[in-house]
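One chain, chain A, appears in both complexes that follow, with chain B as partner in the first and chain C in the second.
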Partner chain A sequence: MSLAEEYTETSDDSRLERGLAYVQRNSRAYLLIAPAAVFLLAVVGYPIIETFRLSLYQSPADSNIETFVGLQHYVEIFNSDIFYRLLWQTGRWVVAGVAGKTLLGLLIAVHLKGDIRGRKFFRTAFLIPWGIPYAISAVVFRWIEHPQFGYLNAILLKLGIIEQGIGILGNPSIAWLGVVVADIWIGTPFMAIIFLAGLQSIPQELYEAAAIDGAEKWHQFRYITLPQLKSVVLIATLLSTIWTFVSFDVIWTMTGGGPISSTATLVIHIYQVGLQNGNLGRGAAYSVIGFLFLFVFAIIYLRIYTRGGDEL
Partner chain B sequence: MQPDNNDRSVEDSIDRRQLLQALGAGGAIAIAGCSGDGGSGSDGGDGDSGSGGDGGDGSTQSVQFLTMGVGDNIKQFFEENNAAFEDEHDVDVEFTSVTWDNARQTVNNRVDGGEAPDVSRWPARWIPQLVGKDALEPLDDMMDGEFGEQFYDGVAEGTMYNGSHYGVPWAASNKCLYYNKDVFETAGLDPEDPSLDSWQDMLDAATQIRDSDASVPALGLAGADAIETGSQYYHYHWSHGADLVDDEGMPVVNSSGAVDALSLYTDLHLEHNVTQSSPLSSTRQDIRQLFENGDLGMVIGHVYTGLNITAAKENGDVDFDYGIVQVPRGPEGRYSLFTIDTLAILSQSEHKDLARDLIRFYFDEERRFQYSKQKGFLPVVEAVGERSYFSESKNWGPFVEAGQYARARPKLGNFSEFNDRMVQAIQEALADRKSPQKALNDAQSDLEDAME
Partner chain C sequence: MTMAGHDRSNLRKVRLYGVLIGLLGLMMLPFYAMFSSTLKPESEIFAAPATLVPSDPSIQAYLQVWTQTDVLLWVGNSFIISVGTVVLTLLLAIPAAYSCARNDFVGKRTFLLAVLVVQMFAPVVLIVGLFDVITQMGLFNTYLAVIVPAAAFTLPFNVWMLYGYFKTIPVALEESARIDGASQLQILTKIVLPLTKPALVASVTYTFLYAWNRLLFVLTFLTDSAKYNIPRGVFSMVGALQTDWRMMLTVSVIGIIPLLILFAFLEEYIVAGMTAGAVKE
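Showing the complex of A and B:
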């Protein structure tokens, strides 16, 4: 045995021993978290495994018989045009929605941090949209944008800007914008509150020092506020991205994914394929793909933002 | 956890690995939740009792009765009659109502989970899917006997699949063409003799309304992403000699008649401009509501459109007169979409005799009369339909007459998918994205793939 092999073996042994010793030292802690770990395995692990298993089967909802098809669903999905259209529509929906919520949330938070009159009222008022069930808000926005019954068209008609009602949600080119507006309205309060909490944790002395050095407001925002908010922005946008990606209620309630599937995202399509049309195996395959997308996104996102050794 | 090398406190920092683990788990739950047990996004409040089939371990038996769409107008009817059945049979009726949006999912979840109700109401078009799961009890013993003779023949046939009855007809509906007499008068049309026999007649009248001083759209056209868009369009499709499937159940949606029908449907909006703005935003309910408000010249609607207007007029909410004529005929005839809901007994039921008793109870003639009268569905029992309340009514008469050319959608296991694809074709044509020929050709191709 060479010296190197001897060293490696010794090293492995000692690593194992060290590991066992560590477990022994912390056995009580492991025992205490065991129930929670078992519970998590049951409620988190099982659905994931079952979804993946289902994706390997032809599993019609109108039959109790499942047929193993291997990776056939995945091959068909990656070869279909609709998958790439869904990716584009999902990306558009997520990017526009998260960007809108982030920018508006930041704007609101910065203003609410200042000493403005009625600050308490506004802080409470801005939380209301987040407290309303998504489906209810979506119904309200559907009515607001309705060409015959909606406020938006009624106002535009009254002002003489249009001659007849515009069906935003019925126009395949712009329907997604009509839905994104509702999603931004619903999701902005969360971002605003998170950013506000982050802003309040920034030491005031930094601003005072910058002011003494002659920094303008914009420079203070650019060189103090934004860097200090980095970790908060990271967490908020990451969560918002995941929530927006898997968001179902708003789109389904407002458009059902239409017209001509122009507002359908991956999640809407999963519901349509798996549950409405009863193709559970194909729906599960889409679900696994969606999960992998999110997982990879989260890793890349965190790597980019933590580059340079920052810790969240 | 790594030592904190920032200004922030250790308590404020989150380890990157921990975050990734949490995200992985959370994302998976969210995604899996959408596929695993049925779209959490839309099943809230389905009212599913979720209790077992035997009704507990008490001495009183129970029977689970699942139905859909019990609104305020009929809630009391069920409350009173369920209580009467409970007294009569010394049982508990576990009555559950779900919204139509959640109905299919609720039924599938309960059947798949081994928690099926004993008796359930649903559209006859769901029968194939549920028979495919061995979820339904054949009811030939009831329908082939004296009990089955009380139904209209066409209605009773609507519950048949593969030669057996898998339900008892619970309710039926068909459609007629409503027109606003005030709008017709304003447009110089004769409100008492509107001459709306054919699609061309309807188009001529609509054009005259469009060009008149009437300040409302001439015709309501449904084009939204909803199942009812198909049901509004099929009148045009069938009347042009087109079909949806052939005798073998294979799609035949792009015949020349179908292209003519879809061309007419889209031209009403794109070329003739006689519809409300943006039909792609309008569900069937939207255009019905417009008509009921007096803001539309014509619409194809159910009997309850007339009942709603009558009630609104009595309350002073609206003030216009309306007429009802048969759905216009096309080159190959006249059809009115016929929808049948059935009452079925589930195979999983452990109380099938009690379930049969519940069904027989609800088919007492007077109960059927009260139900049809209050709910606004066509009577399925002949003796009820012959009552003067229906046969001599301004609102009901045309619909009873329409029964002779009523036509149901084909019974297909994947009808939902089929209809979705048809609605997409209608939308593609209505949005001027594709010609009717191209839209239907593409639909035919996709449907052939789906039904292989």
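Showing the complex of A and C:
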């Protein structure tokens, strides 16, 4: 194995022998994780390296010739207006989406917390939007927001809020809102269930003591629920941030990034440039930039996740 | 309890259920729009503004959908892809999780953390590099082109879920089986896995749903329309100029029925899985 060869080059024989003896002693343990490790290296590890490599090459869609261009893609990306527009559009997409999911999820969880009748029914019903294909949710929202035949316009007309049907998804200045609504709808159940689990782990005595002290509902929420829920909220919003950042199916199905790229995010652009237009090099460079964002999120997540220390 | 206190608690209950039902209504609205539209005849679905209640409900769309679309094919493909992903993921995850739970070895921590990092690496930022791998492996346009990446991205959840669960099973159980002459494989299949059932159900459900729902891999790695899954099939019905909304929504309803059945039976496991995936304890 190449790993063993590398090892010989950098260390003396006795260390190698000891290392081999160790591996032999634990051979079964290594043998059992090997398939998963090799699989992940091939399907995730290698594409990561391949993406980095591709990002340094010019690869025209119509030929196999790859020309090494160094950091040219990155220079061009950082000097382009598109990149900064994508950052802004991705930012507002993530912030609006995560805020909506968190607040709505919290609202649902707080109301599901008590010993209520039909909790299993409510819990299952609230969970359903999370479990169905994003592409299906997306077409349903596309239908609801349809400028002529959509239910949203019908309701707004009936309530007298608007006088004429509006086409949300066709309007570059508000289309992203039309997509965010669908994304919030899809992501809220996860937040609600995670928050509910967090709420149920708060000791009931805290509330009883507060009630005896005459604390009002709002104060109980402010001084007991929120602080106790802090780490759960942190983890859940962080995960949600990552998922919203990389969300593809919803935007792609609802608008394909349009109209005039107003709903495109960084990942939508990766797909358009790299796969739709076949400019693998440029797409890869955008991917690497996407990695960097994910990397920052991942580090924060790992820090929170392993804070206990004794987990592993 | 005094009368006033009783009234107040009743009022609180009314308010609680009011808010809950209101929120539920909001969440169910898209399902209503989807389902009620499929009950409309062709002339009514293209009425502007939309009728909120079908004036003359009929199941005609459900009768037409079998002959006018490939819905059965898509559902079948979704099953193939989902089951394939579940099998592949478990084959990889069970040994790895078991090994980590039972042994202490150099590299274990690295492996588990690396797996966790994979979960952060969303497929879409890898799609360009992944495209290369799939074509090089000669998987393009096969079911495996979808199953392999789906398994890679569900593997982290499965490893962690099962690892956590295996650790709670007492080693003493396995040791006594070993004294009785059971082999390693027998211990795993006859003793450990049956005890792991709740975690396995959560793992299988999560993986199945993931593979059932994903559009990206099918969109990118399958061009053969005979291999489309449900999301891809629905997506293919969105026309540039004309969309047959009635058929598309009917296909959507049919496509989510298996999931609704799954949810009704496995709700607790799904919740357990979701919670374990994100938050400790």
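Heads up, the rule we're going with is that the second predicted complex is superposed on the first by the 247 of 312 C-alpha atoms of A that agree within 3 Å, B and C clash if a C-alpha of one lies under 4 Å from a C-alpha of the other, contacts with A are read in each partner's own complex, and residues count from 1 in each chain.
Following the convention adopted for this analysis, contacts are C-beta pairs under 8 Å (C-beta built on N, C-alpha and C of every residue); 3 or more make two chains touch, one makes a residue touch a chain.
Keep in mind the model is a prediction, meaning the values are calculated, not measured.
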Task: Partner chain in contact with A:176 - chain B first, chain C second, else both or neither - done: neither
TODO: Tell me which of chain B and chain C touches more residues of chain A.
DONE: C
Open item on the list: By the touch definition at the top of the document, which applies to A:246: first (chain B), second (chain C), both, or neither?
Closed with: both
Open item on the list: Per the contact definition in the header, classify A:275: touching chain B only (first), chain C only (second), both, or neither.
Closed with: both
Open item on the list: Once chain A of both complexes is superposed, is A:166 in touch with chain B (first), chain C (second), both, or neither?
Closed with: first
Open item on the list: Per the contact definition in the header, classify A:93: touching chain B only (first), chain C only (second), both, or neither.
Closed with: neither
Task: Touching partner for A:259 - first (chain B), second (chain C), both, neither - done: first
TODO: Look at A:294 in the shared chain and tell me whether it touches chain B only, chain C only, both, or neither; answer first, second, both or neither.
DONE: both
Open item on the list: By the touch definition at the top of the document, which applies to A:302: first (chain B), second (chain C), both, or neither?
Closed with: both
- [ ] State whether A:57 touches chain B only (first), chain C only (second), both chains, or neither.
- [x] neither
TODO: Would you please give the residues of chain A that touch chain B in one complex and also touch chain C in the other complex?
DONE: 40, 43-44, 47-48, 50-51, 54, 135, 146, 148-149, 165, 201, 235, 242, 246, 248-249, 252, 267, 270-271, 274-275, 280, 283-284, 287, 290-291, 294, 298, 302, 306, 311-312
Task: Touch list for chain A against partner chain B, complex - done: 40, 43-44, 47-48, 50-51, 54, 60-64, 135, 146-149, 164-172, 201, 231, 235, 238, 242, 246, 248-249, 252, 255-261, 267, 270-272, 274-278, 280, 283-284, 286-288, 290-291, 294-295, 298-299, 302, 306, 309-312
Task: Residue ranges of chain A touching chain C (in the complex, touch as defined) - done: 22, 26, 28-30, 32-33, 35-37, 39-40, 42-44, 46-51, 54, 104, 107-108, 111-112, 114, 116, 120, 122-129, 131-137, 139-144, 146, 148-151, 153-155, 157-158, 165, 185, 188-190, 193-194, 197-198, 201, 232, 235-236, 239, 242-243, 245-246, 248-249, 252-253, 267, 270-271, 274-275, 280, 283-284, 287, 290-291, 294, 297-298, 301-302, 305-306, 308, 311-312
Open item on the list: Residue numbers of chain B touching chain A in their complex, please.
Closed with: 2, 4-6, 8, 12-16, 19-20, 23-36, 38-42, 44, 104-105, 108, 128-130, 132-134, 223-226, 276-282, 286, 289-290, 295, 413-414, 416-417, 420, 423-424, 427-428, 431, 433
Open item on the list: Taking the touch rule as given, give the residues of chain C at its contact with chain A in the complex, in rising order.
Closed with: 16-17, 19-20, 23-24, 27-31, 33-34, 37, 45-52, 91-93, 95-96, 98-100, 102-103, 105-109, 111-118, 120-133, 148-149, 151-153, 155, 159, 184, 209, 212-216, 219-220, 230-232, 234-235, 238, 245, 248-249, 252, 255-256, 259-260, 262-264, 267, 270-271, 274-275, 278-281
